Every structure is written in C-alpha cells, then in structure tokens.
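Below you'll find the structures, each written out as structure tokens.
Each of the next two complexes has chain A plus one other chain: chain B in the first, chain C in the second.
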Partner chain A sequence: MSTRIPPLVESYLALPPSSLVLITSVLGASSNWLVLRFLHHALLKQGEDAQNETKVLLMSFIRNLAFWRENSRRLGLDLDKLIASKKFAFVDGLSGLFSPNQAPTTRSGEILLRDSELSYVSGELQQSIRSLSEGGGKVIMIIDQLDLLLAAGGDQVSVEGVCDKLLELRELVHATVMTVSADQPLVEVRQTPLETNHSAFLLGLAHQADLAMSLRLLDSGTARDVSGVVRITAGGQAAESGKSLERDLLYFVGGDGVVRVFERGQ
Partner chain B sequence: MAPPPSQQRRTHNTLLFQRLLNLRDGASPFTLVLDTLEESGASLIGEFARRAKIGKSKIIYISFSTLRKRVPFEIDGFVFGRAKSLSILQQEIISHIASSPGNPQAAAQKYLLIIDTLNTLASSKPQHLSTFLSTLLLSPNISLLATHHTDIPLSHLPATQSYHPDPLTILIYLATAILTIHNLSQVVAKKRARDKSLQEPHFGLDERREGILIGLSGTLGAEGRAEVVVEMEIRRKSGRGILEVFVLAPPPPNSSIASKPTLDNVTLLDDHPLYSTLPPLNVLMGDGGGEGEEVETTFSLGLSEKERRAREGIVLPYFDAQRDGGASGAGMGGRILYEMGAEDREDFDDEEDEI
Partner chain C sequence: MSFRKRSVVVSQPGIIAAVSKDEKVAVPGVRPSPLDGRATISTGTRSLDGLLAGHAGLALGTSLLIEESGTTDFGGVLLRYYAAEGVVQGHHIHCLGVSEAWARELPGVAAAGGKSSRSEEKKPVDDKMKIAWRYERLGEFGVGAARERGAPHTSNSSGSATPIFCHDFDLSKRLTLPSTAQLHFTATQTGSILDSSDDPTNSPFTKFISQLSTILSSSPNYIHRVIIPTILSPALYPCNSSQPAILLQFLHGLRALLRKYPSQLTAMITLPLTLHPRNTGLTRWMELLSDGVLELAPFPSTAISAKTAPGASAMHEEPPQGMLQVHRLPIFHEKGGGGGEASGFGDDLAFALSRRKGLVIKPFSLPPVEGDAEAQGGRPDSASAKATKFDIEY
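Showing the complex of A and B:
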C-alpha cells in the first residue's frame, strides 16, 4: 500500500507535534492529491495501541464528502468505515454554508455548516475535535481552503478573527494542515479588501508554518507528462534543520489518481 | 600607531552589536526586528534569549501567533495576546514584572519582553500601537524585542484610518534599534550579480511567479548551515544612527557542551569569506544551480594559486590617468605620461645633429 505514496514526498507527510503545514495551490495545480496523501498517511498505518492512534478531522469548503470518499477509495481508504469507527470526521463547509434550508441531510460523523459566522464555525470544529479525541489518540486537523470563508463571509469574518480562532483550534489538535489558494492576484495585487485580506491571511499563515508546500504550474508551459511543480520549503517557524529540506519537485497526476513525484531530469 | 579605519570600524561596530545582543545597560529599550519569509528572525530572537538567560534576565513572551508549546527557548512568563483588549493585555504583561520598590535586588532585575509578531496589533489597532508599546517600558531595566513581518500587508482598514501614518512607519520611528534580517545566500547571489553588472536576482514573492511564496535559498555547503545576515541600525541618544551589516552564525554543533551554552559568532558581512572573496559559482549554488556555467574545453582555463597571486601583483601602468581627474588634478586626466630615458635622449640628440 505504501507505493501509493510517492517516496520523495513521504518524508514530508509525517507531522511533528503542534506543527502547521501550509499547502498552497493555484488554478490548474490543485492541492487535492496532496491532501489525500496526508489523509492516507495518517489513517492507513494504524497500530493496535489506542493511545497512538491517529485520527483526522477534515474540513472542506469547496468539496463535499462524496468527492473525498470517491478519491480516497482509489487509495484504498474507506472513509465510511473510518467514520463509523470514529477515526475520521468530516465538516462540510460547502453544501449548506449559505443555504441552510436546502442543505441535504447528513449522517453521523459528518457535520454540515449552516452559517458562515466565525464563532459558530469554530464551535462546530471544537466539538468535533472533542468527540474525535475521546478515547485517546492524536487528532490531525486538515482544513481545505479556509480562504473561502474569509472571502465570502462578509464583514463579520476578519483576518484577525480567523487567525485567532485558528490558533485556538491548533492548541487542541496534534498537528494542522491547511490548504490556501496562492494565485497571483490574491497574493500581490492588494487593492481591493478581498485581495489584501487574502494576502495578509496567506502570508501570515506562511510565517506560522513549519513546512510550506507550494504547488504551481510548470514554468516552461504545459507538458503531457508533468502536471506541475511542488516547491517544498521551510516556513517561518521551522526549526534550524528545516532549511536542508528545500527543493523543487515535479509531479504528475494520472487519470486513475496515481501520482508520480520526481526530480527534474528523472 | 593607530589601527587602520577598517579595523577600528570592525571593533567598534561589533562591540555595539554585542552590547545590543547582551542588553547591556539599556543599549536599546525597543529593538525592532524586521523579517520576511525568505529568512525568519527566529534565530536572532533565540540568540537574544540565550544571552538574556546567561545575563539572568527574565524573559516574558507575548504571543500573537505562537503556540505555548512551540516557544523554542525557556521563558519565565507567557502571555497570550490574541483577541484581548490592549488594557487587559497590558495588565497581564505588567503582572509578570515584579514591582517591589523596597527590594533593591528585585528592582535591579532585568526583563526582556519578546513580542512574536506586531502585525496583528498593527492591523487591528494601528492608532494605539505607539501608546501601547511605550507603556510597556516602565523602567530602564525592561527591554522590548518585537518582530514585524514586512511582507504581510495590513488587512483592509476602514476609511477613517487611511489618514494615519502606516504602522510600520510608526514602529521604525519608535525603535531605538532596527535589525533587518536577510538570507545570506541570497545576499551573496545579489552581490555576485552586482559585481558583474547584471540585474540582481529576485527571490520568493519578488520573483513574481504565480504560486511561489518562498524562494529556494540554495545550499551554501557545509558552512552555510543557518547563518543569517543582520542589518543593524542603532539610534544613539544624540539621534545619530550607526549602520552595519553582520553575519550571525550559530556555533558549530560539536562544540555545544550541555552545561555551557555557546553563543553565536558575529562577523561583519564584509569580512565573511563568501561575501568578500567570491567562490566559484557551483560551490555557492549547490550542485543544481551551477550547470552550464563552466565551458567544457580540453584546455585548463583556470589559474593556479601561484598564477593568481602573480596576476594580482601586477601594477598596470598609468593607472592614475584612468582615475577621474588624474593624479595631478582635474582636467589633466588624459595627459600622456612620458619621461625621457637615456636612449631617447641619445636618439633625440642625433636627430638634432642631422638637422
């Protein structure tokens, strides 16, 4: 099963205590495959010892559970079974965030956000972290595209507010993985409130992160056998030894969900 | 004989920097550290903390973005600054500072307040920033060390605040010492480009390539482990500023004995071996960056050490003519310097005779 994780990436998937990994993506170089590898790495190798068990809370703002279920199945991960055994919980920030009345019904282990109010969102998250960590084990929190909440939440969601809540949540879990878009207009233009807030949020996170994995398209244009480049660098909070990890790797996502990661020229 | 000016500057400025790091008798009440994603100021803060520990100062850490568990050094007090009003925050910080005026020992106790990032305060309460920071400095025994990430923009401000000065401007105005952090390999790469009159390379966000946040700093080989470039500006009471650029290098790992904490080495950037004399490019950029730089021939195009020394020893003639204005003053730059030798004189005389 370990062959499903590209060996070059594997060493980065281990999450030290209280760490924050920031994954940035651009249009055309999506971060889903990397999030799935983090899920796979955390959930598949389970020991018998209940204290050392890893549990995952996944919160996604632009993809629902059906998407994650489908794609994890290709990696040999049965999310429904993991939900039943309380090793995985999903918070859906897509289906009902702005249309609470039309939202589909949910099953246990799946929480549907019905409001974009910040204290409500963090309250729901705290509750699911608590219910996951019952019975011991480490909880890893993965938040997919929290920037949507910042962009769409209106005046009541501020950068400082989101960062405050995020830090509160990070205190509760073992480690955190965040994915945020880093398209050029969202990072550098900084004219409208949306642009400045996104940029402040993203760069603030990068300063707090231990590891930053930035996905981008190939600089020299599209190629048939390369989907993009992942740049792995130490974030602002990394330990001294983190600097030696820095590298650019190419990756290719095949139609069947298989990912190859290789160095230039390989 | 007095030491040469370069030596004097080296001793003087290194001493100033050491005084600053050791928080010697109020060398700087408010030290501002400016860093970016390219090089974090964490190692410099760590060095301050190590030295404060040796100097028996108490360290109080005020966190806006750091988890309690992740503070990389021992601290005496921790204040969580998030989502608190400034007056409550101020009270909490001051409660950590023991104030017993009768006890001379307690009164002499030195404190180092470390703020992990000022960006949060600068965004949320820009108008109270200066008041807040100055109220923390209650006595001359307290030093404040605060980091500001210069690459994070302020989140959007309401229109009423657009007439206030930028918080960073206020911070730079308030600070008594400003330490700007740079990445050593990037500084060296920029200097190499400057020396060849090429355009300086950009790194990270400045590359302006979509999807790149942090530049690859390139490995500097064994000695480039974790050295950082620190640009120091100390403001004296008179208002005179002293500028110098240093390289801060952590002690080699084998020399750290558990009982005795070791300190970082401080050298002037101009004295740093990578900066002053330029190593071949492939050494500098690791194995990947130097490709294609060396022309492949069957001849040896390099110089041996002896040849290099001989080349450096050569004094080209009439150097002074190339200087602006020349040796003998303005307007004489293009003069032909020629002194008649004995042979010339003979020739000259012969010609004269023939005529």
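Showing the complex of A and C:
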C-alpha cells in the first residue's frame, strides 16, 4: 500500500494540528493527484481507537464526486463505503451551484451546494463538519478550488468575507488543505477586480500556510517522463517560526494513475 | 443495425440484460476509447480525434475550448465539422448565438471516401522508408494518426457491421439537413441592445442552460453536442456577458451539466483571442473550466503564399497554415498529466485546412531551405504557381 504514495512526498502528507497546507496548480499541472494522496494518507491508515480516527471532509468546486470516486478507487479507497461509515463527507460545489433544476440530495454525507451565498456555503460546511466529528476523531478539511467561488460569485463574495469564513471553519477542524490556481495571468497582472481579488486571496493564504506545495510545468518545455515540478516550501506561518524548507521535485503521473516523484537527475 | 439484429437472434430469449447492453453500444457515432473504454464521439476531424490523449475521440462528458488569434476562423471550421458529424450521426445539436443560417453552411459528406482513404493508408508506410532516423519521433505520430485513420475503415471494409465513426466531409459541398435533424438554436440578445446593457443581472446564457438541462433530462438516449461559436464576440453577445460573474457562472453550469450527463453531452467552444488575450484572468478561468484547451495561431496570409512553393512541391502535401498548441487535454490533464507521449502536448503542431481532408493537424516541420530546392534542380515556376492558386482557392 505504501508504494501508492511516493516516498519523497510522504513526509509532507502528515498534517500537524491546526495546520494549513496550500497546494497551488496551473493549467496543465493539476493538483488532483496530490489531493488524492492526501485523501489516501488520511483515510487508509486508520488507528484502532475511535479517538484518533481521521475523517475527511472534501469540498470540490469544479469536480464532482464521480471523479474523486473513480480515481480514489485506483488507490484502493472506496469513498462510498467511507461515506456510509461516516469517515468521509463530500460537499459538491459543482453540480448545483449555478445550474438550475437540480434534484435535492438524497444521501447524508453528500451535500449539494445550491447557492453561492457565502454564509450559506459556510453554514453547510459547518454542519457537515459537526456531523462528521460526532463520536470523536479528528476532521481534516480539504477544499478544492475555493477560488472559483471568489471568481464567479460576483458581488456577494468578497475576499475578506471568504478569508473570515475560512478562519472560522479552520477552528473547527484538525487541519486544512486548500487547492488554489496560481496561473500567471491570475496572480501577476492585477488589472481587473477578478485578478486583484484572486492574487489577494492567494497571497493571504500563502502567508497563513504552514506548508506550500506549488505545482507547475517543467520550465524547459515538456519531457516524456516528467509531468511537472512540485516545489515544496514552508509557508509564511512556518517561516516566521524559523523553520526553512525548500525542495524542488519532479513528478510523473502515468496513464494508470501511478505517480512517481523524484529529484532532478535521479 | 445488422449487428443488433444478429445478436437478438443469437441470444436466448430470456436474457434481457444482454439485449439492453447491446442497445447501449449501438448508439450511432459512439465508440469506446482504446485506452480505458469510456465512450467517445468523433469531432468530425480525424487528426483532432487522434490528438486527444489516446482516446481517439472526444470523451463524452467533456468540453473543448478552441482559441484563435487574428481574424481567421479556423476554429469555426472545426465547429462546423463537429456539427456536421453530429447531424450525420443523428445527434442533437445545440447552438448558442447563431441562427439557422449557420447550420445551412455545414460541409457535406464527401462522396467515394473509401478510395482516397485506402490510398492514404498506404502512404505512411512509404514515407517511413524515406525519412531519416532522426525524424523517427515525428514518424511515430504519423503512424499513430494512421492507426486512427485506419481503424474505422478496415472494420468498415470487413462488412457493414460497424458504423463509421468519423465521416469524410467536403468543404465545397453543403450538407442537406435531414428532416429529422435535431437542431436547437438559442439567441444571445435578450432584448434590444439598449435594454440589456442596463440590467446587469440579465444574462444571455441562463435561457440556454435551462433549455439544455430540460432537453437532456427528457431525452436520455441521445447524444447532445453543444456548439458555442466565438463566445463573447460583441457581434453576438451583449456587453454584460463578459462580466466574470455572468460568464464563469455559465461555464460552471455547463461543466456541471457535462458531469451530470457523462454519457450524453459534449461541448465545443471557440474564443477569439484577439478580443480576450490569454494573459487575462478571465480567459484563464475559461480555460480552467474547460476540459481541453487548444490554441490556433494562423500564419499571416503573406507567409502562406511565400511558403507554399517549396512545401507543396517537395512533399506533395498541404503547407501548414498555422500552428496549433495544446494547453490541456480532456481526462489526461485532469488526472495530473503524463509526459508528452501520444498526446502531442508541448509538441510543435501545425495545421492545414484543405477542401477534402478538412483540417489536418500534424507535427510541424520546416520545409527545405530555398537554397536546397534550387540545388535539387529547381522546378519550373508554373508548378509552384499552380500550387499556390489551388491552395487559395478553397
């Protein structure tokens, strides 16, 4: 089982209490494989006693449960079973957020967001965190592409509002993993409100984070056996306390979903 | 059709499950991906099908964003092929922003396509003998493409059992729309231009999304193709449509529908890059919300005629009319993306549009240097002039 997680990354998947891990991705170098490794690491290594059990709340704004279900099955995780045993909950921010005529949710542990209003979103999240943490155990919150809510939410969603709600939610959980896009046009240009909001949000997160993992494409073009580069650095929070960390690793995602992570020249 | 009938006869009368499974396979224009067996449909352009990360078609439940710089409309041609293939296969077509007149200009099915494709199949083998070893990599791409090309035809020649996956179209012909064709058109102008610009909440997209979702939920056995030509073009869309809240909510809603009906729906969108350059946040969000992103960069028209002469005379093939860049491929990049194998991701790709072959995408290679052609004992001027004329003619 441990071979499914690349050894070089494994040490970073452990989440210390009240930590924030920021994963940034760009077009062509998606963060999904890394999120799946976090899921795998948290859910598969279960302790015997219920108090130390790890539970995961996954909220995804541009991918639905079918995607996560299919890809985590390759890693040996059965999300449906985990939902049934209340170790995993999914908040769907894709299917109902901006499209009409959606049937209401039928199952517990799988929540469909139907509005982009911020207090509603955080209310749903709080509720599912509470229902997950019933019976002890620590809850890990993974939010996939919260930046979409900021970009598409319009006037009802502001950077300050999102950051405030995020802090409130982080108080309720053991640790948080966030994935955010960090494409150059979204971060560097800063001309339209869309771009300024995005870069403000991302910078704010980077300062709060304990660990930042940024994925990008290979700078020197494409190669057959390299999908991209993952740069692992201490976030703003950890840097203040004097810890320093900086690694640049290459990764390769095979067609079968197997991921290799290796140093340059290895 | 005959395939279905035979299986009904052979299978025992009691087995209902098997029959219903067969019916699913028999949806016209759908074939399983050779990689993982998921259902794919053809984009109507063979070389584009071959480009999509080894799936040999556009996987159902995914979308393609085709960006194009300059004033040409190669992306629009790709959309027309995509629509024409859909009409021929009996799929539902949903167009946003254009009227019925657009559908009257779809390319018609080429007559006697079998002969030309058979001669094409032989060609790569000949080519391989001639090319130097250092072009082996480019050759591989060609072989892969030839396999794509070959597969439907060989099965076709063995009997009419398997239907054609991707038809040959002729740009000079017009497709006669059958009376059963399911074409849906939605206008984007929600009222008079002056009215809509005042009301920021008046989205030109909401009607389209709600219509699409009702049609999808009411007809579960059909394949649907969504076509959105030149999204955000001021000629078709009111000015409030490029507000992030309105546009991204629409694309997010479309993505939700694609994921909700993963065996029924695909979408293709073209975006004029000159109006919305790639270094803006809005364009990047549009790309992030699409499954596949291709960028067409046509050469300036003067460059075409200058390059025609050596290119066409030396290799007997279309000179490239522009470069194609792959920024993202459906499914492939969602998983994390592998290397460049079989995907063309990061390769230098060029495209050429011709009347019969449609849009052909192939690895870009520079034509021989002018001096070389002269050293080979230059050709008479009339030959090159002819080639130029033919190319401009389409």
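Just so we're on the same page, the second predicted complex is superposed on the first by the 254 of 266 C-alpha atoms of A that agree within 3 Å, B and C clash if a C-alpha of one lies under 4 Å from a C-alpha of the other, contacts with A are read in each partner's own complex, and residues count from 1 in each chain.
As a working rule, a residue touches a chain if its C-beta (ideal position, glycine included) is under 8 Å from a C-beta of that chain, and two chains touch if they have at least 3 such contacts.
Please read all numbers here as calculations on a predicted model, not as lab measurements.
Aligning the two structures on chain A places chain B and chain C next to each other without any clash. By the touch criterion defined above, A:Ile62 lies against chain C but remains apart from chain B after alignment on the C-alpha atoms of chain A.
Of the two partner chains, chain B is the only one touched by A:Gln237; chain C is not. Contact with chain B, but none with chain C, is seen for A:Asp248 once the two complexes are overlaid on the shared chain. Contacts of A:Ala29 after superposition: both chain B and chain C are touched.
Of the two partner chains placed by the overlay, only chain B lies in contact with A:Glu160; chain C stays clear of it. Judged by the touch definition given at the top, the superposed model places A:Phe88 against neither chain B nor chain C.
Of the two partner chains placed by superposition, only chain B is touched by A:Gly204; chain C is not. By the touch criterion defined above, A:Gln184 lies against chain B and chain C together after alignment on the C-alpha atoms of chain A. Distance between chain B and chain C in the overlay is 11 Å (nearest C-alpha pair, rounded to whole angstrom). When both complexes are aligned on chain A by C-alpha atoms, chain A residues 29, 183-184, 193 touch chain B in the first and chain C in the second. Looking at the complex, you find that chain B touches chain A at residues 35, 37, 40, 42-43, 65-70, 72, 82-83, 117, 119-120, 123-124, 149, 151-156, 205, 208-217, 219, 225-226, 250. By the touch criterion stated above, chain A contacts chain C in their complex at residues 27-30, 32-33, 62-64, 66-67, 71, 94-101, 148, 151-155, 181, 183-186, 189, 191-195, 198, 221-228, 251-255, 257, 259. Only residues 17-18, 24-26, 29, 158-160, 163-164, 167-168, 170-171, 182-184, 187-188, 190, 193, 196-197, 199-204, 206-208, 212, 214-217, 219, 229, 231, 233-240, 243-244, 246-248 of chain A touch chain B when the two sit together in their complex. Here chain C touches chain A in the complex through residues 35, 54, 206, 209-210, 213-214, 217, 243-245, 248-250, 252-253, 255-257, 259-260, 262, 278-285, 287-289, 293, 327-328, 333-341, 345-347, going by the rule given at the top.
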